[in-house]
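Dropping a structure here in structure tokens format, bear with me for questions.
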Amino acid sequence: MARAGVFICHCGSNIASVIDVEQVAKSAEQMTGVVYAATNKYACSISGQEMMKQAIIDHQLDRLVIASCTPRMHETTFRKMLGKTSVNPYMLEVANIREQCSWVHTDKEKATAKAIDLVRMSLAKVLKNQPLFTSSIPVCKKCLVIGGGIAGIQAALDIADGGYEVTLVEREPSLGGKMVMLDKTFPTLDCSACISTPKMAEVGAHPRIKLMSSCEVSAVSGYIGNFEVTIKQNPRYVDHDICTGCGLCEEKCPTKLKSSFDQGLGQRKAIYKLFPQAVPAKPVIDAQHCTKLTKDKCGVCAKVCPLGCINFADQESYTTDTFGAIILATGYQLIDWGSHYPEYGGGAYADVISGLQFERLVNASGPTEGKIKRPSDGAQPKSVAIIKCVGSRDVAKAHGYCSRACCMYAAKHAHQTIEKIAGAQVYIFYIDVRTPGKAYEEFYDRTREDGAVYIRGRVSKIYEENGKLICKGEDTLIGKQVTVEVDLVVLETAMEPAANSGQTAALAGVSADKDGWLTEAHPKLRPVETQSAGVFLCGTAQGPKDIPDTVAQASAAAAKVLGLLAKDELETSPMISAVDTSKCSGCRFCEQVCPVKAISMIDIPSIYNGQKVKRTVAQVNSGLCSGCGACSAACRTGCIDLLGFTNKQILEEVDALWQ
Amino acid sequence: MVGKNLSLLPDENKQKIESLVKKAGAKLSDCYQCGKCSAGCPMAESMDLMPRQVLRYLQLGLLQEALSSQAPWICATCQTCSARCPHDVPIAEIMEAIRRQADQMGIRPLRRTYLFSKYFLLPLKLFGRNHELTLTMFYNLTSGKLFQHFTYLPAMLKSRKLKIWPAKVKNRLAVRKIMENCEKEAQNI
Amino acid sequence: MKYSYFPGCSMEATGIEYAKSLNYVNRAIGLDFIEIEDWNCCGATAGHTKSHELGIALPLRNLALAEQQLPGLAMAVPCASCYSRMKYALQAAHSEEREKFSRLIDMPVEGSVEIVSIMDIYSVEKTKTAISAAITKRLSNLKIACYYGCLYSRPPKITMAHNIENPQNMDELVRLTGATTVDWAYKTECCGAGHHVDIPQESKPLLYRIYKNARANGANALVTACPMCMLNLDMRQGAVNKAYDENFDLPVYYLSEILAIAMGATFKECGVASHFHPAKKLLQKENETKEVV
Amino acid sequence: MAITDNTNFEPKILAFCCNWCTYTGADLAGLNRMKYPDNIRIIRLPCSGRVNPQFILRAFQKGYDGVLVCGCHPGDCHYTSGNYFTRRRFLLMKRLLEFAGIERERFQARWISGSEAGKFRDTILKVTEEIRALGPNHRMKEADIYD
């Protein structure tokens, strides 16, 4: 037989002035299962707790109902108290007779009656409670950072500097991401490479950072504190353990290709470093274009390599490691505007280029050594049109969202053109100019002062006629069609999530929104956490943003990870789902509704008609389950239940009113 | 009061605009006035209002201004605006809806365009098919452009590009009936 | 191959060369166009300007007739305007408005007819091969700017066209004749259509810009597959030249004329003889030099 | 049929509230000393998605006159998607109950956030009045059926 104790808190006069607490205690005493009922001035106070502890001993109580303030206030306090007694901390229910009774009702009689009802309901529930036990999981003090752009670099450095091991996985052969491709950064115009390459070198040399370039994450299992991650090393065909990065192979390689780093405007070899300051500063072979690998001809690199690093038989390999936390910093890519905008020539005009191509053109270490030249004929453009929102704010053709950084870098491009080309005429077609950042509006002011002509209107069509690119627009401020004939057109194209970022995130149980940006746990209050405990995100993987915001978010994610790794163990809530495998039919419905992918299916041996068979049933990963109970409500056989809120407990609560 | 007082617009404006826009299958709030429609419009040079401005008047509730604009009548229904609009606003359909609404209310800001459309349907009603000579005759007579296209006449007649006698549909009554049915139906809505 | 055929009013009048040359090509490659009996005008722009109902009902009657007379055949529509109206009608027949329109035209209609343009028909792989086989002359001196106009492309929700800014199917057909096609920017820009009658001054710039871009990209002739575009581009070239003090010399051909000529048709057989802008000279040059076996 | 006077009838209403939004909103109503009728009894659940249709049926069977399901606003669910399931399940349940002759006012769903104390109070006021006007639930109350 259950031996429940009921305690009614006065909460000074907060409860007792409206509710006749003695009456409640008297009624409670009559209820089935109750062996002791009493009131208490302040149940949460030390003396209040001592009184309850003593009652547990005196009356051999095995469960408690405490009628007091909201359980959101002191349920934890009371559980802690029970931890020091013979009663299991989860053999407790709190009846909310303050916030939801004495504070909202004035009629004493009715409020007292309601308080009695609430106690009865809590009692009915507690009679069905089962002892539950928290467990703890050890935390592996290592973090995995996925993505080696400025976000990943910053996060990795912060965590490593904080004293923990970091593995940084980058798909490309070098760190750096997009930032290192840029020329100057707004609004201060400091050199992008000059401020990002030292950080890259720091990552490369950091004793606590393991850099894995040309690598991808291929599988993630486990949960917070203990993620098992499989990382695929794509073949480099160069043994980086031996290679000194002397560059002889690259020099002698006869195959010239368009450089992806230079956005197709410059050239590289089939064995190459992504760019001169690459980290690691060692080359890889482009397997798709190397003639040795495709046609078994050449092999010059292997002949000239003084250390014999070249290995044409290199294969992809897999390693598995354990991490306590994961940061997703998978970044962005630019929209393939040509396939979306045939009215802008669809990529057929060489001198209609993207903003990133312009960055390479204007970059001193770029293919033109910083001289702005037309890709078609190498001539210096005297007039340039800059078109914003190409692929952004365009629901019909591309993306509905604003890419956020373009207004500023469009102004920067205008400024750089005017600075580098004397007498250059620059037109900027815009819909709105958005400059919400420190010193941003001032930069826009300065660009207009420089002489850039801002035209408010989206360009309808770009075409070539007699060697000029013609942009047809409307100046919506005067309400007239306008046309500009220019030598170069720069399209400030939309950011979109990096290819496969959604798949990578899904491996870690993180979802993406309709545009593919990874979803944070709460847009305001948990901006770098995700629904998957222990998985964090930062940078443009989460949404379009500029460098300052990216770096700030990266450090924020690092701070969260440091907080997690500082713990030796994590306590897990026992109020999670449990499966009664004898009733489970393996319908997988629970698996589909689970928001944190905590449910998976396993085959268990079973006997059917005297035959040994295998049966598929659900199992719950206790490290992942967040205790929402969606599975339980969805379960057709009623075999999966939420501990602490079982069907039985709730039904008893429902029934209690009429007992 | 200076300028258009938007607070004092009659309520019926809003309802009329709503029904007009709904017929065109459009949502006015979709338009964020980027001007791409007007930028690519082949006829915009000749318009008193840019197509974008016509939409703006509707957004503000200034129905009369939109209805009395020549722009919808100058629109060639080439659909370039609708095809390139970043928010899928069917601008050409809105122009058409304005044209119909104005026509019903007897507002004809561009008489010649109205007449051409009107007399285009005349041979249709008579013969079930188009007949350029009938159309030209009526149009020239009413528009005051009596001798327009006269220079082309001899060559066209010779090469049989113009026919003196119209081609006729056998079941002309069916076509006429359709035209009458449609007129009734359009008025009912 | 058989198609039901909706010629449209122009084919008996201003587009007579189109009809002639189509006929020639179809005979040469064994295509059978069966005219829908007692078809009526689609109403063109004036129809849908009057009312949505009229704009759909007029073409829909023809759709219903085709379903009755020639079930199962796709409907060949050679005029861009008629093509557009038929597609609109077809869409209405597939919508919840079907019953209403069935009542308005007093005929049952299913919407079971596929609407195809001449370019669609000729681009069918088998037909294309037949065209190639029937071509006996190479028109390799022609540098053609293919002019598609508005209504084969737009609105894409109606036409279901994939490439509305820079379509290629007419270019591919023209290149079968050995002619080169130029990349140019005005393939689908509007010619002004009927506005050349009511507001001619306002419509001339449209033609001017088309000629200008075609010439700037090295074209020496235009090809179109729409009788309205043809009438404007051909008949009004002189007037545009006069208004702009220009000397555009861009003969305009129907797609079917170019194909017919390459198949050996005489000017009279295909209609090239009766163009407003002189169109024979350019072709004569070709014919003399480029016979192929 | 006689017109019954329900002015003295005090309905019993059961509300299932999610811990993160509506229960918090109800607590805030208390903190702000807002007043609402005492006809409501709240059962706290982690998420509105935890509400098993069986709970609702049982409540009507036991004689509650109305049942309210409350959760976070769509898109704000603490567990990302729980209230979307609630919404779908609610619509289905509502039709089933209407089919069984339960008036639509007796079974309602509301999205009330942790900061919407006023909305919580207003909801309780409105729902209580609506159900008071309907009178007691006889149709599904087992005690009445078996009498």
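Each chain gets a letter, A, B, C and D, in the order it is written, and its residues are counted from 1.
The criterion applied here is as follows: a contact is a pair of C-beta atoms (placed from the backbone, for glycine too) under 8 Å apart; a residue touches a chain by one contact, two chains touch by 3 or more.
Since we're looking at a predicted model, the values are computed, not measured.
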Distance between chain centroids, defined by C-alpha means - subunit B, subunit C (Å)
23
Centroid spacing, where centroids are CA-atom means, of subunit A and subunit C in whole angstrom
54
Find the geometric centre of each of subunit A and subunit D from their Cα atoms only, then give the gap between the two centres in Å, rounded to an integer.
36
As a quick test, compute the distance in whole Å between the mean CA positions of subunit B and subunit D.
55
Could you pull out the residues of subunit B that touch at least 2 other chains?
45, 80
Going through subunit A residue by residue, note those that touch at least 2 other chains and give them in order.
343, 461
Name the shape of the chain contact graph, picking from line, ring, star, complete and other.
other
I'd like to see which chains touch which, written out pair by pair.
A-B, A-C, A-D, B-C
Subunit C-facing residues of subunit B, complex
23, 42-43, 45-46, 74, 76-80, 82-83, 90, 92, 96, 99-100, 103, 110, 112-113, 115-118, 120-121, 123-124, 128-132, 136, 139, 143, 148-149, 152, 155-156, 158-163, 167, 169-171, 174-175, 177-179, 181-183, 185-186
Residues on subunit B engaged by subunit A in the complex (per definition of touch):
32-41, 44-45, 49-50, 52-53, 80, 84-88
Residue ranges of subunit A touching subunit B (in the complex, touch as defined)
343, 389, 393-397, 431, 456-461, 472-476, 479-481
Complex contacts: residues of subunit A adjacent to subunit C:
342-343, 346, 348, 461, 463-466
State the interface residues of subunit C toward subunit A in the complex, per the touch definition above.
163-166, 183, 185-186, 212-213, 216-217
